[in-house]
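What follows is a pair of complexes built around subunit A, which joins subunit B in one and subunit C in the other.
On to the complex of A and B.
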């Protein structure tokens, strides 16, 4: 499926504003950080997201989600000792929703150009405050038809265990394919090629695809 | 070289020992003050008359309820709005090339109950035009706004922003509006400021805004109060001095001129109102209402005369100041009393709305430096020569 086909399908489903999930607050060539518009409403680990780039949209995989104080100097303290639920904590302290923020980090794995995708780092990074969208299933299916993006993912140096991210991403992407099992077998073969010199890691990763 | 703490530690140990030594003595003074308060409360009308006829060298509270009152709070409205404003500023710096100052007003609007919500915002405003940075009299005399006067200007802005916010409120819920610090701008008359300066800031500024708030209060249930944490005021202790004075008419200059330590009233000398009420009140209770008899109030405030009460919280006693039109309305006093307690329970014994307004307003040392750097940068880009003092330059360079 090429990108035009995927976009056509997307427009048939829903307008793009509905799947807008955040905004770029830190932009780099290999990764970016985005802030969610709503607390705790980050996309799941391994989710494929995209943001505006030049010449085309930049695609990435969510690898870390953090919810913390917006101001570095202010620590979050426990407030619910005498309350029944987390919801009650927020109702009793309505200011909390304005003082906390959920950020998610994204590993850049490709870029759209014209009707196709390139599975390497884009020449220019995303711009600060660019909107970030969760890719719709048909777009995920289109992007993961080729598994060339896995090279960037397995070689990423991040604080979160990268194999967990690879596993989450492939399991998540498999659900968008007509035959998820067949997709995972194809992905396993690609991983075997990429990690031919590290059998232990390959075995551990393959276990995460079940 | 920064402060050498190793040279001061021995003196800090001595300081601690000194405080401990005074503590026992202070405790018996507080006990005596409480007994005095109880006996004076037995005939509060006589005390009231004594206040009216007294000529004192200190500020005495005017009792408006019996002075030993311990009033517990009514239940707080489950649905209400707390709107607070606080400010900070960057003063004129004569070592900098640009003559300007900045006021940053922080506001918090917190809604409780069925539809909890919060809005937090800040309004930084730079003042640099001739009319902004000086007060000009009708005949053209000019007085610069800086230092203490800028603090007063900031208080006025805090009040003005509160009004702007309240005017936009669509919610019909009861509202408590909170300001930080005193409503009594005593420093305007303590210092020697020209009349036109006092008139502009007080009559044409602060009091005009209080009038406006009173007008807004006619349309809805609106409580206005300023909150003073850890107050150092002694108005009520000074009232006890009157009760202790052995002379038929209290006249300090006439009977006690030149006497200090051996006056009868010195038995309660050195105590603070908050020490008295921390013993009298149980947590959650408020004291009696008192009026402030400050000279600035008598001269300028009129219908906005400032009244106050103390409130005992878990960790401290705070002073709450309210204008007369609030003090005369029992429903509003109850609203303020219960809502302040509720706010303190939600904060760390300090009203959470004020705390969040402060967080929005605060300008720290790094912000200050960045502000002046930005001013220099923009002036430089505009081709304006930047002249900063040698002293300022020297402090920045920290050369050896």
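On to the complex of A and C.
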């Protein structure tokens, strides 16, 4: 990325600095891994996040959050046996916040183009170290006006139970709509179409939407 | 799409064929419970607009497992979600007509559908306007018979087309055949399309009839006093009912021909041999004298006769016993001074409708005898007239519609080839005489006759054979069958055939209230007087 491009990107996402939550540390076409700037401050499961991409921002849904040691060979050990609280553990071991990191994984579900969205995988994946932002409620509302992203989500093959992610995502998105119930009904109907050949899965998924 | 249009949207066409009808997947917002067979829908095809009828409603699921492990519908959210997605309603729609399209087809009016709409054509509830385009508005040729289910639009019968062929009114007992027939007769009368001769077995068309609840309704004579004449076979019964009759019908023994007796074979319990004997006797004594002679034979004369003509004794006795039954009909007399057939013809020629009441003679023997005897002679006259007309001698006669009840007694496969009614039904309009058949057991009627009927109007029928017989030769038979067997027992009828552009289920027009009489053209005494005065003023102005 040349300097001019970087400046453009910066101006594009200007004003969303408050929502910046992390940085891409592993980029793929279908999923990303990002690291949080602050320990334990990952976006919730199912949250809609975005990062810079070409030509427009890449959107994704958080599906897994992990906090672990930065060094693979160095295990975290329990340190608070004689201490009162979790905070005291960090106060007495200030190095910990530097040795641990919170990562979250994101399923890519769409890309912006101008003022609209495409609900398919972007042609180019996000670049490493791109900033990741939590979407604002109005953006979530805009993105979820169409439920086409659900097909990418329900068909994803991930280690975490995908239906939990779908449920969380829709519950979270419904709160940004003026009529959450109506939104969930609409989403439920879309799921019923997508899962028409797997009624049991649909049943259990629908129970997660309430 | 406007809000109204969205409200009328039912779903989309998903599959089907012209013969079976198309399948329509209902939108989730439309409840199957609001659908009804017999209702009309409009289908917006790519090039044509189709007009069709709902013939079946069914419940479908996308996966058979849904039926095995039903979702938890006690949860309103889940119930709402799966409605219209996992589970949905399906309609079977029979496309009947195409409306519009290019300019030429708009001018030609609705045409029979020869193809089906493309996949996913939008299906809507037919609008009032669609129904009007299809069934036309009431005018001098069209008579308003009722309204489609759940609609206010009028369904009109093309009366001119109706009288060109023989027609039938069918339905189980108590489903409103008589009401419907009365209405049709009013229609024929009002539109002046034909003149009617009604063989009124139960005396309910002429002066007044009764509803099932016991209310009296006006008969044709009360509504159109100047256009209807009541003939009676039983003067006393008419007097008791305070009916002003125009003519008392008497039939002479000399008028009864061997064919008449042949028709009565079952009713009089005659053997085949007895019937053959009748022909033998007629040859011996002459067509006009045989009955009187045979009835007046004493025992000795009888014995001489049978030995002379070589008739078997038991046959003779069977015949005598049967013929003796005729004596109880007081309308049968040895000789009549006046010719009843001619009287009827005179009235019919003047455009006056004739209703023949049977009074107490409402059994089949009298009915078959009289109806057949009179019709045969009347038909002969019409035939003669039609032949003269071909020769350019006379003007064409006014079309005549003969109404007969219990038609299966005349038109069963055994008799239909012998009775005049069988011939009228088959030869149709050649001689300007057609039938209006009223029956509760259409399966008893000869299939050949049924197939010649132009327009069939049927109230509820539920016997499989009756349904089959009524719908023989109709396209979309099995679909119509489901509609027909689901009709309500009252005031509903399915009309199909020549006089309507497509099969239609109607809620029969109201008959019996003062308003309904007024709509049908009845004038109260005061109004009548006023109108007469007005006419006189106009005449001499």
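In the analysis below, the second predicted complex is superposed on the first by the 196 of 210 C-alpha atoms of A that agree within 3 Å, B and C clash if a C-alpha of one lies under 4 Å from a C-alpha of the other, contacts with A are read in each partner's own complex, and residues count from 1 in each chain.
In this section, a residue touches a chain if its C-beta (ideal position, glycine included) is under 8 Å from a C-beta of that chain, and two chains touch if they have at least 3 such contacts.
Quick caveat, the model's predicted, so the values are computed rather than measured.
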Superpose on subunit A as described above, then tell me if subunit B and subunit C fit or clash. fit
Mind working out whether A:193 is in touch with subunit B, subunit C, both or neither, as first, second, both or neither? second
Counting only touches as set out at the top, which of subunit B and subunit C does A:185 meet: first, second, both, neither? second
So, does A:203 touch the first partner subunit B, the second partner subunit C, both, or neither? second
Just to be sure I read the superposition right, which of the two partners does A:76 touch: subunit B = first, subunit C = second, or both, or neither? neither
Touch test for A:175: subunit B only (first), subunit C only (second), both, or neither? neither
Per the contact definition in the header, classify A:128: touching subunit B only (first), subunit C only (second), both, or neither. neither
Partner with the higher number of touched subunit A residues, subunit C or subunit B: C
Minimum Cα separation between subunit B and subunit C after superposition, in Å, equals 51
Identify the overlap between the subunit B-contacting and the subunit C-contacting residues of subunit A. none
So in the complex, which bits of subunit B are touching subunit A? 108, 110-112, 116-120, 346, 352, 356, 359
Going by the contact rule set out above, which residues of subunit A touch subunit B in the complex? 71, 74, 90-99
If you look only at subunit C, which of its residues touch subunit A in the complex? 28, 62-63, 65-66, 69, 71-72, 75, 77-78, 80-82, 84-86
Which residues of subunit A touch subunit C in the complex? 181, 184-185, 188-189, 191-193, 196-200, 202-203, 206-207, 209-210
